[in-house]
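Before anything else, here is the set of structures, which you'll find just below.
Two complexes, one shared chain (chain A), two partners (chain B, chain C).
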Partner chain A sequence: MDPSEVEFLAEKELVKIIPNFNLDKLYLIGGDLGPFNPGLPLYVPVWLALNLKQRQKCRVVPPDWMDVEKLEEMRELERNAATFTPAPCPYYMELTKLLLNHASDNIPKADEIRTLVKDIWDTRIAKLRLSADSFITQQEAHAKLDNLTLMEINTIRGFLLESLNCMYKLRSNLQPGSSKGPLADY
Partner chain B sequence: MPCERKPMRYGHSEGHTEVCFDDTGKFIVTCGHDGDVRIWENLDDDDPRFITVGEKAYSLALKNGKLVTANSSNAVQIHTFPDGEPDGILTRFTTNATHVTFNTSGSKVAAGSSDFLVKVVEVSDSSQQKTLRGHEAPVLSVTFDPKGDFLASASCDGSVVVWNIEEQAQVISWPVLQKTNDVSNAKSLCRLAWQPRTAKFLAVPVETKVHLYERESWNHVTTLSDDLLNQPINVAAWSPCGNFLAAASVGGFIIVWDIESKLCVERQKHEKGFTVCGLAWHPSGSQIAYTDTEGCLGLLEGFRASVPTTNTPKVPAGKPERGYEDLFDDEDDDQVMDEGCSDANSPAKKAASGVQADEEDDDDFVIPATGRVKNRGAILDDENSLDSGSLKFGRPKFGDDNDDDADSAVMTAGPLPATLRPVYEGPQPTPPQKAFQPGSTPVHLTHRFMMWNSVGTVRGYNDEQDNAIDVEFHDTAVHHAMHLTNSLGHTMTDVSQEAVLLACASTNELASKIHCLHFSSWDTNKEWMVDLPQGEDARALCLGQGWAAVATSTLIVRLFTIGGVQREIFSLPGAVVCMAGHGEQLLIVYHRGTGFDGEQALGVQLLQFGRKRRQIINGEPLPISQKSYLCWLGFTAEGTPCYVDSEGVVRMLNRSLGFTWTPVCNTRDTCKSKSDHYWVVGVHENPQQLRCIPCKGSRYPPTLPRPAVAILPFKLPLCQTTTEKGQMEEQFWRSVLFHNHYSFLSSSGYEVDEVGQSQSQKEQQELLMKMFALSCKLEREFRCVELAELMTQNVVTLAIRYASKSRRMALAQRLSEIALEKASQIQEEEQEDVTEYSDIRQTSSGRSSYDQTDVREKHHRRQTLEDERSQELEEEEGEREIESEDGVEAPKRLNPFAKVPGSSLEQATPLCE
Partner chain C sequence: MFVTDIRKEFYEAVADQRVALLVASDIDALCACRILQALFQCDQVQYTLIPVAGWQDLGTAFLEHKDQIKLLIKQDDDLGVPSYDEIFRDDDEDEEGGDSGNESDEGTEPSGKRRRFDEGSVERRIERQREKREWEARRREILFDYEQYEYHGTSAAMMFFELAWVLTKDTKDMLWWAIIGLTDQWVHDKVTHMKYVTDIATMQRHVSRHNHRNEDEENSLSIDCMRISFEYDLRLTLYQHWSLYESISNSCYTCCHFKLWTLNGQKKLQEFLADMGLPLKQVRQKFTSMDMSIKENLREVIEESSNKYGMKDIRIQTFGVHFGFKNRFLASDMVHATTALLESTEKDENETDNFIKALDSLSRSNLERLHSGMDLAKKKLIAIQQTVASCICTNLILSQGPFLYCYLMEGTPDVKLFSKPMALTLLSKYLLRAFIQSTRNKRCRLLPLIMAAPKDVEKGTVLVVGIPPESETSDKKNFFGRAFEKAAESTSSRTLHDHFDTSIIELKTEDRSKFLDALITLLS
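For the complex of A and B:
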């Protein structure tokens, strides 16, 4: 899966906007949106929010978790915990990137938030690498990781599967009597 | 009461709080359960500086720029004041300290702790510690002897102990308190207070009274009490001069006694009756700050005014108490003077009750020193004519024990300095609320909303860098945002789809000005300005469709066209409070008279300018909640007047019930905390929305971060809305009320959203049918019939069917009678037909609102008529009524307030790119 595909999925998340135009309800396949009243906040998918924002038709209200204090707390929690703590939002990385790139003027302390989210991301990815490492060195058959987000799984998937395959090949060649060819990928 | 109780404000989160003033009296300093120490410049300081001293702060003391706090990490620490830099830790306990206090010079700090110890520490050298051991339970409070020898402490073991600091030994112990095991369980915090300067008395709150113990002799000399005090006293505090003692109780009462007369000079109750846990006098003695266990901060101001002062020539009038302090400084000298000058008094005095003898001595030696002999003749009469009961408040400070005394003539013939004022205890007039613009935040703020309405927001900035106004429109299709420099100092504004109206008060040189930015004008002049006549100030203004109105200080309302032509002017019966405009309607609220005991006496006028100009509400009283004031006034988007009072109740005009006001929502019901409010910005009837901004801990929102609008539902305060019946009744009447605007709109000639109207009819009839079924189930047949009366004819037929199906023949019989009646009624009305049309409003207000169906049916008929004849119609205003008698009417005007779905589709279709 491509990161852009994950981002595409994240764009379905709802975000609060304050429109500055008047429009009746929109009837879409995915559900109804609106009505849009100027000045009245409502929830729309991120893709629509960004589209409107780019055309200066709305203001974006940052989600609750996109707040310096809350993120600092989460960062501390993440750093102190050995396992993964629940992410602020299943698409936190994607949303941060999308909203900060396109609507940073509506988000107070955008730079700090960017740094904090990157910190959280780095901590989590480091944990993920560490656990992958111990998974391999201990030659476990299975492992369970909670609270991973799609984007995080996606970043490690390609590398982990490929390397497991590789190692399997190497091991099966090493073992005596294994004359069978490489197994099909799993 | 002469002293003014300022409204409480949010200070800290819930929990124990304490308050003190800094040495100069410039700042109020509070600490609270949230671990912050806040430094308030005054009570209205919305952005106090704060110092975080720990997770929780239990107590604070401030002197000589050192702020000592007891925090949850069991330490007593110093911060510099006002910078808030940590300045080391004074001492530590094994558990948290409960109370810290400075001595008079600020050189030592005493701290009592939950680990039973009291420590006295040198501020300059924290290694110089003295520990006072002996309490057998957590220490409640500590206080220094102003002369520095002793220290008093109260403890949960029930004792109040006086220690000799030097010897670290108990001098005396009084077992007067109730025993408890912990500070949190103690009924009272028992904050002791030692009389400053003279150090004569130690005040100990015991249950509902305050005991005064005399220094050195340690005798219990007197007890101060008050009828109002029926709950334990938490805190006692001496005024800086030592003449007054303030005490605050668990029940929220704050009482101030004059120590010489032992009479209560001031009684105040906490506005919510919460437990007062912190009390502090302003160094000048003019204010008392207090905090409660809910974390709120309050202030009593102008305290001096309630105390009869002597106006001694040598003491500045503002600070007479200080004058007396000096007099107390040297007792011996005074005593000599006393004996020299007022020998005659002494025997009489000694005859007075023994306990009070001491204070009376005080009285005496003051007298010669004040040396005022002038206007006593008048005073004499006054005093004799007043009975002691009426002397409760505003008692003179001196000579008060002599009322019944045979020697009183002698006494008062002596230089009695106080003037006796007859005390009025009846209803007090309320200061009338000031004029305001609905939807604006207070004028004194540097960054404020000057207007937030359904069209846009106007923000005013008035700080060092800039004096400017930002106008922003919710719908950018109306106009782009504007930035104006506010060189004239405009304070009032309104914004509509057509224009922005601004006004400023007059200054010494400049007249009051009205400034209109008529941005929708099609010519090139987008602006006009008008000067008001000399001595006339704009107080309130509003914009309607095509007109502007300004109410002025001379009780005149001036109307202008939106282009700047002067129109009618008329006088108001009282000073304007606020105005609101919508379409052709102008709503004015003014002071009808003087309100008493916190009530405002407001009157309201509703004018309509359309083709027929008329006054719809002629200065009737505006009902608001008890002891509240008006907060917001406006129209719903559909054009029904409504308003909000300070208790958060939203009321709306019920045009179908003789122009009465119906409460439709109480915003305070949805508030989580007592200090939270909703700031209303708009009301919509269809869909039913109350648009407001949630404000945490304040009445109005800050401009930054940009507040977001929330939507509250309406709820009529009907009884038993938890039951199914109550719910349906509420829904039904709410639906009826919120669809009144249809008949109003059609009566004033606007086009009506037929679909919405029939939908609301359907909804109401469905609710009636549901209620009918419910009553049937409950065997309430009489109720069924009553409900059927409200139904339309075809719904009655349904009801008959339902009744006969559920085998209630008697009910069905009665219902069919009703159905017949209704049918004949309709026939009659058909004959009368459209003659009634021009008076639909009156019809629908005269009868109950279920007549709306008929109105609607007539409407349909008219519509067809109109279609047939629309070609031949040439409407003229004067002839309109005659025409309508022929069943002909003017083509419907476009209703500018109706929601036209997708009206701005061209500019704002987000998806067709």
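For the complex of A and C:
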């Protein structure tokens, strides 16, 4: 999967906006989008929120988890725990990037939020690398990791599968007699 | 066409149609075009962008699109005070060429009138014909007065910013473009100082409104957001992107006051720097790497010293923008960079490419282009100073009676840069100011200047520019447009009055002398 595909999936998440125009209810295939009234907040998917923001038709309200104190707490929890703590949001990395690139004037303390989210991401990816490393060296058969987001899984997927493939090839070459012939790669 | 309510009569009429934008080649038009593009993108209006360099281009573009388009909008801030754009309307009934306001108010063309032949009222017909002749004479007189002088009105970019403000779609980007459009008028000396200061005050109100909107809570903005601030900054061109020494040596104001083409002038400059306590090594370094202790009070220190040396107006009111950690620009820096890109004479570049590059450099995401524009601008400024120095030292400026005249020979270094109208105009203004400083003849100081430079060596044409005399109270009205036309007619010289700015024309090199003689007789 490409990171841009993950971002595309993340754009379906709902975010609160405050429009400045009038429009009746929209009936889209993915669902209904409520009537737009100026000054009244409502939830819309991120793709629509960004489009409206770029056309200066709305103001974006930052999601609840995008707050400096909450993110600081989460960062501390993440650093202290050995396993993964629940992420702020299933698509926290993509949403941070999208919202801070296009709507940073509506989000207070945007720079600090960017740093905090990056810190959380770095800690989690470090844990993931360690875990993948021990999985390969100890030649485990299966592992279970909770609370991973799709972006993190996508980051490690290519490397992990390739290395497991290589390990399998190396192992099967060490035992020439019991080789089952060339098997298909995953 | 006069428009009183720009939102209803202009924008709403246009917003649901397909628009063709014909844009002239100067920075003010570019900025206005950017603002309009941003507005169109907000409202998803389809538009076609056509750069035009002169009346002929305008004509060809109009004819090309004639069948599809009913209403054309072009930006140009030439000629005439209240109107800021020209609108050509091509209806089926009458062909009205609406030309910058006043003309279309003079009355409709009588060509559409059907004459009814009424035998009983022959006297009435004679009466009408006499009235028509008088009316025509009066019209010619008014038109002559109108077209005699040429001057610039309010910046087009500012007009479009006001439109965006009325639609409440104004952003900081648009405000910055409006400021650049206004500064372009000041840099190229198109408006009086009073008008510039008044317009700056208007822009200052908008700037404080935008700044208040964002900084009222204690939560400050991200560092990447654009911040515009009012600056009472030095008049040294590009000094923050160059070294201080280079900037002082190549800015018109300082160069003319110190007379830096003489040895005496160079000594005075060294004294000036010593007076301020700035070590030469620091001053020749890039501005960004100068010591912080020197940079802190630089403006006040320079202002104090320059007052002693007779430069009372070293500081000018302007605006600066600041986004990200590295990027600080003054409005005049951007004007110089974009002008250099628009008129760059590098090989393999045609005018449309230059136009697109210059348009791109105005947005925040194209910083490398902006920096390359600044490098080109630095080269252009150095070339201008060297040309000015050589012209004055070799007495190339001749007094022809009613005006001064200077011709750049073909072998002059960097003469290719001056085959473009704006560069040549800038050169002539610097040259006139330098000449006034260096001449002893009191009468010569009040004369206008005509400058000629080779434009196209193969076709054998020169570019001729006329600028009004330099005086404290000048209202920047330029009468050379009509003068050039009349001189060309009387000598049947082969000229091309294509440029929107009528005081800039193209002339065949062979006809140069008789054209000049005709001008001398005309103006004396």
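Operating definition for what follows: the second predicted complex is superposed on the first by the 181 of 186 C-alpha atoms of A that agree within 3 Å, B and C clash if a C-alpha of one lies under 4 Å from a C-alpha of the other, contacts with A are read in each partner's own complex, and residues count from 1 in each chain.
The rule we apply is simple: a residue touches a chain if its C-beta (ideal position, glycine included) is under 8 Å from a C-beta of that chain, and two chains touch if they have at least 3 such contacts.
The model shown is predicted, which means the values in this text are computed figures rather than measured ones.
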item: First (chain B), second (chain C), both or neither touched by A:L52; value: first
item: First, second, both or neither for A:P41, with chain B first and chain C second; value: first
item: Which of chain B and chain C A:D24 touches, first, second, both or neither; value: first
item: First, second, both or neither for A:V61, with chain B first and chain C second; value: first
item: Partner chain in contact with A:A110 - chain B first, chain C second, else both or neither; value: second
item: Partner chain(s) touched by A:V6 [first = chain B, second = chain C, both, neither]; value: neither
item: Interface residues of chain A shared between complexes with chain B and chain C; value: 55-57, 108
item: Chain A to chain C touching residues, read off their complex; value: 55-57, 100, 104-105, 107-111
item: Residue ranges of chain A in contact with chain B within the complex; value: 16, 18, 20-26, 35-36, 38-41, 48, 51-52, 55-57, 59, 61, 108
item: Chain A partner contacts - residues on chain B that touch it in the complex; value: 454, 456, 473-477, 691, 705-706, 708-711, 901-905, 907-911
item: Chain A partner contacts - residues on chain C that touch it in the complex; value: 41-44, 169, 171, 214, 217, 219-225
